[in-house]
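The following pair of complexes shares a single chain, chain A, combined with chain B in the former and chain C in the latter.
Let's turn to the complex of A and B:
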């Protein structure tokens, strides 16, 4: 009885999740009258399917489809690889080493960073130079200050992780404008950042890092430390322990994290809207453009949407297989 | 192969001192077992020798090198862990050879060392398997194989047999002992199992709350325990303790029973006449029936026949006593029975300090 109810609930939920995909799929095969003349549900019964929307999409009469597709793929994969690589290393360090950051040293970093920049600029250095100089100065001073017995609270590993996560707690719009200004300033210094591959990749890497660190920390924490200790006693360098022992053991976690990150980057809209204009426009921007281009041609928009989600579906199937074989490997004892 | 020496080693975690001050010298080629109840600091001591745990004070030397501040990899130790700690994604061959490969040894040398280790440990049929396809005993052999190919100065074993079932544990125990004889290496071995300690060790170090209670060879430990802790820890079933008063040629139990003490023991204890002390006597130094001058009446509560002999557990002068009697000795629960004490084997301890008198 109870099982039956649960099964029914699951079926209902399956319907809720699958229906939008089904709806987009059938709409992409509908002729315009089947869309505009009220809802139709079943091909060949409610309406006669046509390939016209797909032919239009691939023939390019509704804008260049290939370019944003390639852009999204390149930016998504690069940002995911970078974020997972650096995030995993950070997470590993946060699990295996103890960090003690004195709050005053952190405050000193902020003060010297901002104050130093203003000071150097007033002394006549260029903005890029004064920024670099202030950063080096602030970093060196705060590292030295951290060794002094300064009063005030001492932050540990959990505080560092919280600091990472806190980057994702405020709404993205808060940073989006700041990032736009930063990028245009960098552009004025001669390095083009807006509407470039590296500009988008760095932005997405930075915004994926907190999640990657947080997720990977859990996976690394679950690994038995003795295996690494055995390698340490055998004089295996830390970096090889990480790459050759820890990473293979944490593979299911890394795959899952990469999947989540890729999904986030692939769907991201706000940053892409502000930071790209034409050359490196991504799929979400292109898709939303479809609507304003030629009006509510839902059959065409549905075809475009199907093309946009197809790669993620393929990735999910492939990575799910990797994850499963990894989980079996995880049986350590 | 080398000596290991710990001098004035202290270990603190924050404000808590786990090991107050520890001095220990381990000879070249000696098999030393650190034994004690959980939390006694034996594993911490082993990990400090390995370099996995920093030392708060004092020095550790291996051979003629001061290794106190050396990282684990440079101490030339090999360690075998309780959980085996095999690399799960590598085959047995790679598990054994990984360390050598990282150190950049030649392929031919790695192959020959793996083959030798596999031959010694009987792992030849399993070289291409992953750890998850091995039994517990085979995994432990792989872990030992990984340790021996290093030709270490010292082998460190951290409760290596605790995850094995009882039968396999006894087999592996013998194997480790044979291996030690064959490799002629220095071994430091940690266990909480006193039988394992006694059977394996040249010398046993009994530890309790970070302090070494006694260092001695197994027989000395059994025959001449330094204090009540060692006396109670070594031997199974555990030694019996009775509060008694020394009265010259006898000891007097709380219920008034007098047990005559043999002359030479009485002479040695003459200085303590009239004192209230702890009498220690092992179950195996008791016998059923009246077979000597020191006889007590015990009311058995439980009778445990073990086959070769039987354990009678009962109360004597308000204290729980376990006596070992012949398998066919007639006795029943709640029916008072006569038990003879072999007073030649008695131990006498100071009641306050627990030290042997």
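Let's turn to the complex of A and C:
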């Protein structure tokens, strides 16, 4: 009796979850009259399915979706590779070494960054130049300051991880808009950053890094230290230990992290909306455009939505398989 | 260990986040104290807190704060309750658990833009199946996306549909960390399932719950894509969220100083909500443990 109720609850939620996906799939095979004449539910019974929407989509007469698809894939894969590489390196260092950052050095960075920017600009440098100069100045000064025995609290590894994570708490419009301003300033100097592959890749790398560092740190913490210590005694350099021992051992974790990162980049909308205009538009931007000028051609919209969803559905199956091996559990703690 | 190699490991990540993520904020913070317009072009002029003051005096700003908070609070509350219930059900080893798990994961991996497009079809007044079902059982045809209160409700429903999987995933992981022997002891004392839940499961999972709800609140405040496609902020500005408002100001009017000020006010709103939430939840967690 109790098990029956539980099973029914699961079935009900399964229906809620799958119905919208089913609807998009079915609608993409409908001929226009089957859509506009009120809802139809079952292919071959309610309506005669047609491949027209898919043929239209792939022949490109309803807006060229191949290009956004390729863009999304290229940007997604390269940002994922960079973020996972940089992020696992940082996470590894945060597990195996201790870092000390003086709070005052951090404050100094912020103050010198703002002050230096305003000062250089008043001295007559362009805005992008003064930003660059202020960045270098502030960074150099705070690295030096970190070596001095300054008063005030000293931050440890956990604070560094928190610093990475606090990135995710910012509303993205704050950083996205700031990045848009910065990119257009750089563009005025002759280096195109808006609507380019590198601009998008760097932006997504930076915004995926916090999650990667957070997840990978847990995976690395779960690894046994002994093998690494044995290798250290044999004077194997750290880089080789990392690449040849640690990375292979943490492979399932790296794969899971990479999939989560790829999903994040693939679905991201706001940064792409602000930072791309035409050449490097990603799939979500293309989809929202479909919505405004395809109006009520629901069969075409459904096909486009299915194309954006399909890769992630494959990933869900793969992720669920990893999840069963208790992987995600480690990542949550 | 003093080993210079550790800097080789951490600097690429550190520098990328600093350069792309944080440093632009310094620039946009200075812009927020200026009057900068791109259309029509106007040289930047220092205006102090003018941008902030005029925003705070604008009713539209407070309306977006209200709309966003309403969407966040309602959807996160429902996500938590439904997600926890489904996680408990899955944990009770229902038949076909594997299929359920994979399917329940799907919505959160889909692009919010695609999800919103699909729901726009579902909620459509004439061709959508939901209204079709409503009329079939005698209910009126509801104006889901064209009347203010229904439009907000629709956004909340879509948010629940997409993000309940996140709660299911994490609560299920939390449930799996609980030891079985506590329940055996409770079963010996003939405690009902209901009392076992409130006496053991819920308090033990309170830290996980607090973290899950916190993440969902922070993430939900950022909402733009769903609203962008589903209602475009309409009817009127009834469903305009903070991010959408900032986007409209920045990219329709190109009033850069104003938009920068708006985004920093937005940061403040999130921080206020975060601090309130943490001060409310912390004594609860400490009390129970």
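Just so it is clear, the second predicted complex is superposed on the first by the 285 of 333 C-alpha atoms of A that agree within 3 Å, B and C clash if a C-alpha of one lies under 4 Å from a C-alpha of the other, contacts with A are read in each partner's own complex, and residues count from 1 in each chain.
Note that in this section a contact is a pair of C-beta atoms (placed from the backbone, for glycine too) under 8 Å apart; a residue touches a chain by one contact, two chains touch by 3 or more.
Note that the coordinates shown come from a computational prediction; the quantities given were computed from them, not determined experimentally.
Visitor: Identify which of chain B and chain C touches the larger number of residues of chain A.
Guide: C
Visitor: So in the superposed three-chain picture, is A:38 touching just chain B, just chain C, both, or none of them (first/second/both/neither)?
Guide: second
Visitor: Could you tell me if A:124 is touching chain B, chain C, both of them or neither one (first, second, both, neither)?
Guide: The answer is neither, since A:124 touches no partner chain.
Visitor: Could you look at A:179 and tell me whether it touches chain B, chain C, both or neither (first, second, both, neither)?
Guide: second
Visitor: Does chain B (first) or chain C (second) touch A:230, or do both, or does neither?
Guide: In the superposition, A:230 touches chain B alone.
Visitor: Classify the contacts of A:149 with the two partner chains as first (chain B alone), second (chain C alone), both, or neither.
Guide: Neither partner.
Visitor: Kindly classify A:312 by the partners it touches after superposition: chain B alone (first), chain C alone (second), both, or neither?
Guide: After superposing on A, A:312 lies in contact with chain C but is clear of chain B.
Visitor: Figure out whether A:248 sits in contact with chain B (first) or chain C (second), or with both, or with neither.
Guide: first
Visitor: For chain A, what residues appear in both contact lists, the one with chain B and the one with chain C?
Guide: Common interface on chain A, chain B vs chain C: 237, 329, 332.
Visitor: Residue numbers of chain C touching chain A in their complex, please.
Guide: Counting only chain C, the residues touching chain A are 1, 3, 5-6, 8-10, 12-14, 16-31, 82, 85-86, 89-90, 92, 94-96, 98, 100-107, 109-115, 117-122, 126-129, 132, 161, 165, 169-170, 173-174, 176-177, 193, 208, 218, 221-222, 224-225, 228-229, 242-243, 246-247, 250-251, 256, 259-260, 263-264, 266-267, 270, 274.
Visitor: Quick one: in the complex, what on chain A touches chain C?
Guide: Touching chain C from chain A are residues 2-3, 6-7, 9-10, 13-14, 16-18, 20-21, 23-24, 27, 35-36, 38-39, 41, 85-87, 89-90, 92-94, 96-99, 110, 113-114, 117-118, 127, 131, 134-135, 139, 164, 167-175, 177-182, 185, 202-203, 205-207, 209-210, 213, 237-239, 242, 263, 266-267, 269-270, 273-274, 283-284, 287-288, 290-291, 296, 298, 301-302, 304-305, 308-309, 312-313, 315-317, 319-320, 323-324, 328-329, 332.
Visitor: In the complex of these two chains, what residues of chain A are touching chain B?
Guide: 224, 226-227, 229-237, 240, 244-245, 248-249, 329-333
Visitor: If we count contacts the way the header does, which residues on chain B are in touch with chain A in the complex?
Guide: Per the touch definition, chain B meets chain A at residues 50-52, 71-75, 77-79, 81-83, 85-89, 98-99, 102-103, 131-132, 143, 146, 150, 156.
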